[in-house]
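Right after this note come the structures.
Each of the next two complexes has chain A plus one more chain, namely chain B in the first and chain C in the second.
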Partner chain A sequence: MAQRTLTKRINRVGWLFVIPATVFIFVLNFYPMVSAFLLSLQSGRGNNLKYAGLRNYARLFQDEMFLTSVGNVITYLVIQVPIMLMAALVLATLLNDPKLKGKSIFRTFIFLPCATSLVSSAMIFKSFFSIDGLANNALMALGILKSPLSWLTHPVWAKFVIILTITWRWTGYNTVFYLAGLQMIDRSIYESARIDGASSSRQFFMITIPLLKPVILLTTIMSTNGTLQLFDEVRNITNGGPGIATLSISQYIYNLSFIYNPQFGYAAAVSYAILVMVAILSFIQIKAGGKR
Partner chain B sequence: MKRIKGMDILKYVFLIIVCFCSAFPFYFMIVGATNSSVDIIKGRLFFGTNLWANIRKLTQTVHLGRAFWNSLRNATVNTLASLFVCSLAGYGFQIYREKGKDTLMSLLLLSMMVPFATIMVPLFRMFSTLRLLDTTAGFILPTISTAFLIFFFRQSSESFPIETVQAARVDGLGEFGIFFRIYVPIMAPTFAAAAIVTFMSAWNNYLWPLIIMQSQDSQTMPLLITGLTAGYTTDYGILMLSVTITTLPTMILFFTQQKRFVEGVLGSVK
Partner chain C sequence: MKRTLYIALTLLLVMTAVFGAGKGEVKPVTTDPDAPVTLTVWCWDPTFNIYAMNEAAKVYAGIRPNVTINVVETPWDDLQQKLITSLSAKATGNLPDIILMQDNAIQKNVMTYPDAFVSLTGKMDLSQFAQFKVDVGTVDGKNYGVPFDNGATGTFIRRDIIARAGLSVGDFTDITWERFIELGKIVKQKTGIPLISTVANEPDFMMIMLQSAGTWMFDSQGKAYIKDNPVLKEALRLTKEMVESGVCLLVPDWNAYIATLNNGTVASTINGCWISGSIQAEKSQSGNWAVTNTPKLGKIPSSVNYSSQGGSGWMVMANSKHPDVAIDFLAQTFGGSIELYETILPTSGAIATWLPAASSSVYSMPIEFFGGQPIYEDLVSYAGKVPNVKYGVFNYEARDAVARALSDVMQGGDIDTALATAQKSVEFLMME
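The block that comes next holds the complex of A and B.
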């Protein structure tokens, strides 16, 4: 009995440990989330806002800029995330081979890009693909291109450059997770599969992928959320152009709030669209990945 | 047997190509810092002699020292504050575990699903009312407490022996005394891993400083870089130099602390 009251008293002291962090998250995360919703119900310019009901949300469906930015982000998502995650999985599998020589050097190089900032990687790739940049020079020297291609002002190639930059920056990051996941798998499973005559590709699909399912789910959710919130690369490589061909939703929110004559209410409505997309896609992924 | 040898060679060739693609942009960046803009555009891929000229030009065009100091100060204060707040919470959630705290922890984890884009406009309005624009406090507050770090410390605390806590209590040490005098020293590797990833993300942070660091005096390195491309013509020499200067601290951290970096990235995924 005395022991239990002591535990109770100590657990009460424990609250003091968790309160500061909790307060910060409530004030700087949950509260702004609620106030973004209230803001999304108002319209007007600058700080001159009036209650507008759901009008901002109705406006979303007629706003070509918004719809284009959603389409762009979905394009990035559908093309980039699967390629990157497959590449990361293959790299992790190769790096996990106990007989591989020079493993730590390979690993260092593959992880290296995640030590750079998104702005730096965007600038490096932007100069690669500038009209007189390295990519054009190399492709012309190889005879693949006859005249320089204006990568960043072409609606499709500009997207390609953005996807390439993201893939370069994040593949190693995801490899870190898969490698950690693979190292948890008992090697004897592969041994017995080999004795049973399973080929490497069969081992990959029948053992590796099912056992890595939780990690694959985690990386898929992280990459999806990251892509839906894409900002740094687009702003610094193309600034959304040509026209609005590469504009992301986050950049549109930024423009609405800080570049154009500020429309905070409408920007908040657009930002709720991201929130809803993140929630729906995460839910679908958890449902699809959670089945065992 | 022969076929397997062939597969092995293919594996190494593939890995070498991947490593080359991974490293080449860094090589391009560092070489670029030593070349003139014209040479970079021409595609020169060897070290040049223009480094001093680039340094001189960069320091004349922008306040490099000030931006570097701003980045260093913001990222350092952010790291120390985050580690303090989140380690306390992670320890609290694990050592004083009970139903109420577990529920609160799951609630806090939900904050990871809130996109920054959703909260940035209200945060900006809140911070401008509170006159926190252009301040270090304004820079660090939104990232001071993250569910990721709290959870990382909570999971790491699982390996911390509860007997040690009980023994320290018998010796008359208070609850906070146990945390600071026993937990912190024992968990130093966990703190190091958390510090590295927190420092890197604060150092590289772009969107939030872009919004709140409005005066030139509070500019950070990523903002300085993007400022260099704002004009009509971009000087690629000084651009690559500033990108190199921004990347070097995080690269050095990565090369010297790779194991801790990986632990920090993985966080609580185990």
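The block that comes next holds the complex of A and C.
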């Protein structure tokens, strides 16, 4: 009997501890999510909203600007994420070498881009790639370019600059995850592989990658998610231009809400479209990479 | 079961507490005319409209010392964002009493939030402002904006550079864009300097050309008028020709554009007259600049040598606790004080749209920076001849779409196809 009251009391105290966090999650996360979903079912401008069922979602498929922004983001995703993750993996493997000297200095340098603000890194890259910027001057000095290239006003080169900026900013971040993952791998596995005569590259592909699979999966999902929600870089480097050649989905949401006549209902539908895309892509990635 | 109920109830309570808080009604304060009143104002440029607002506050302090004006520096993009967020959330408590609004955003904001702004009709005499500026702030026959700065355009040109090409300011007066390009080729050939610069993929020149012909991207019924709009087609063709012939230098952003003027990279610019402030910032070029009117479209009969770009107006917010004080303040300063305009003109170049101010002797003063030309008098006379257009509710949508058409055409796309795409994209955004 006494045992039961004690359990009860412990439970009650436990609930007290949990309640603040629960309330905050409900109020700051779940409530806005539900409310945004309800908003996505309404159409109209400003506060003049009416329920319109799934019309906003049907509208997405005819919206050429939305489809272009999805295409842009997928281009970033398909090119940038594999390059970045590969680079991060290579860097992590190099940094994990026990014989490497000055390891902490290298690690700091590689992680440093993550400590810079997205906006300032975007502005700096923008100035690098302006007509009289560093990139043009360097390429002309090397004789690769004859006249300055207008990077940011060309649909393809503008995308290139954005991909470069994201890669610079996030490679170090992913490297840290891989480093943590690598340190979990028992050194003795490599030792025995070496005794068996496996080359370094063979060790990398046969031991490192398979054992890092959960971490690789995690970073892939995070990067996919991050790229689909890309905003700061595009807004600050090209503002979506030239035309809408670099427009990201998030920036389109911003335009729909704050630049054009506010259509919050439709903007909410676009953000739910991102959610659905992230969910589908994550599901595919888990299915493809998660077999244990 | 009971426990779940408790939790649910607590949650409900907390949620009501959190979300119910903002709903208190603001009661109008009973008016004692001498009670201290503070009016908050949002505007964005410290050397221009913030400065003018502070000067207006000084003028008003002499009339009603109990009124304090609190100017909060708010960049335009932020201002628009805060305005939309607060009005949509119906949390207007943190909005100011007076805001400055870009001319081309007034229609959009008033149409979307009709109850957010105070109509000035019957409360303030706007008849002495330039008519085209009053019309910009008029929605459904009601006036919402007190016109502030003038957006009348002019060609601002370097006397010294064109002189090296054997040209004078007179050669650029009352000309067409076609002639402007020809002159640009001469300047480029003789001096190596491009005649003009613009921000790449911004359709600023095209907007100037459109208004010079009295047309816009919408017809009189408010329908998108982009496809088969002869003025837009001409504007696209001429802009492309200007860039391809090397007459116009493309720069990536606004700061770079201002730098081309201050560094002498280009010989001229065509913009709203508010650009004179930025031009005069480079003191070493004093005496070298001149102003003349804007080129017109040679092939469009309705086009004249006058247009407008930019410009803004003051609006009184409906959430203000003292709307009458706010209106009186604007009426006695921006709409009634020659003294105010005489103070702000020489230092900030804020050219009035309040016509009585133009009769002030300050306006006819020769400006040394412009080689002794009385540029303010000239610019005010241009302002009187600017064709009237309705920017419409969907101006930003259309501007973006046309910018995209411009980018397509620059990459070698066909003008008609680009404009048809722009038309479709604007129509899509206009749909609900």
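FYI, the second predicted complex is superposed on the first by the 289 of 292 C-alpha atoms of A that agree within 3 Å, B and C clash if a C-alpha of one lies under 4 Å from a C-alpha of the other, contacts with A are read in each partner's own complex, and residues count from 1 in each chain.
Convention: a contact is a pair of C-beta atoms (placed from the backbone, for glycine too) under 8 Å apart; a residue touches a chain by one contact, two chains touch by 3 or more.
Remember, predicted model here, so these are calculated numbers, not experimental data.
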{"item": "Touching partner for A:148 - first (chain B), second (chain C), both, neither", "value": "neither"}
{"item": "First, second, both or neither for A:130, with chain B first and chain C second", "value": "both"}
{"item": "Touched partner set for A:259, first chain B, second chain C, both or neither", "value": "second"}
{"item": "Touching partner for A:63 - first (chain B), second (chain C), both, neither", "value": "second"}
{"item": "Partner chain in contact with A:15 - chain B first, chain C second, else both or neither", "value": "both"}
{"item": "Touched chain A residues, chain B compared with chain C", "value": "B"}
{"item": "Touching partner for A:242 - first (chain B), second (chain C), both, neither", "value": "second"}
{"item": "Contacts of A:46 with chain B and chain C, given as first, second, both or neither", "value": "second"}
{"item": "Partner chain in contact with A:289 - chain B first, chain C second, else both or neither", "value": "neither"}
{"item": "Common interface positions of chain A, toward chain B and toward chain C", "value": "15, 22, 31, 126, 130, 257-258, 264"}
{"item": "Interfacial residue positions of chain A with respect to chain C in the complex", "value": "15, 19, 22-23, 26-27, 31, 43-48, 59, 62-65, 126, 130-131, 150, 152-155, 241-245, 255, 257-264"}
{"item": "Residue ranges of chain B in contact with chain A within the complex", "value": "11, 14-15, 18-19, 21-23, 25-26, 28-29, 32, 40-43, 85-86, 88-89, 91-93, 95-96, 98, 101, 104, 108, 111, 113-126, 141-142, 144-147, 150, 175, 179, 200, 203-204, 206-207, 210-211, 222, 225-226, 229, 236, 239-240, 243, 246-247, 250-251, 253-255, 258, 261-262, 265-266, 269-270"}
{"item": "Of chain C, residues touching chain A in the complex", "value": "3, 7, 10-11, 14-15, 18, 77, 80-81, 84, 87-88, 90, 108, 111-113, 200-201, 250-253, 256, 393-394, 396-397, 400, 403-405, 407-408, 410-411, 424-425, 428-429, 431-432"}
{"item": "Residues of chain A touching chain B in the complex", "value": "10-11, 13-18, 20-22, 24-25, 28-33, 35-36, 39, 91, 94, 97, 100, 105-106, 108-121, 123-128, 130, 132-134, 137-138, 168, 172-173, 176-177, 180, 215, 218, 225, 228-229, 231-232, 235-236, 249-250, 253-254, 257-258, 264, 267-268, 271-272, 274-275, 278-279, 282"}
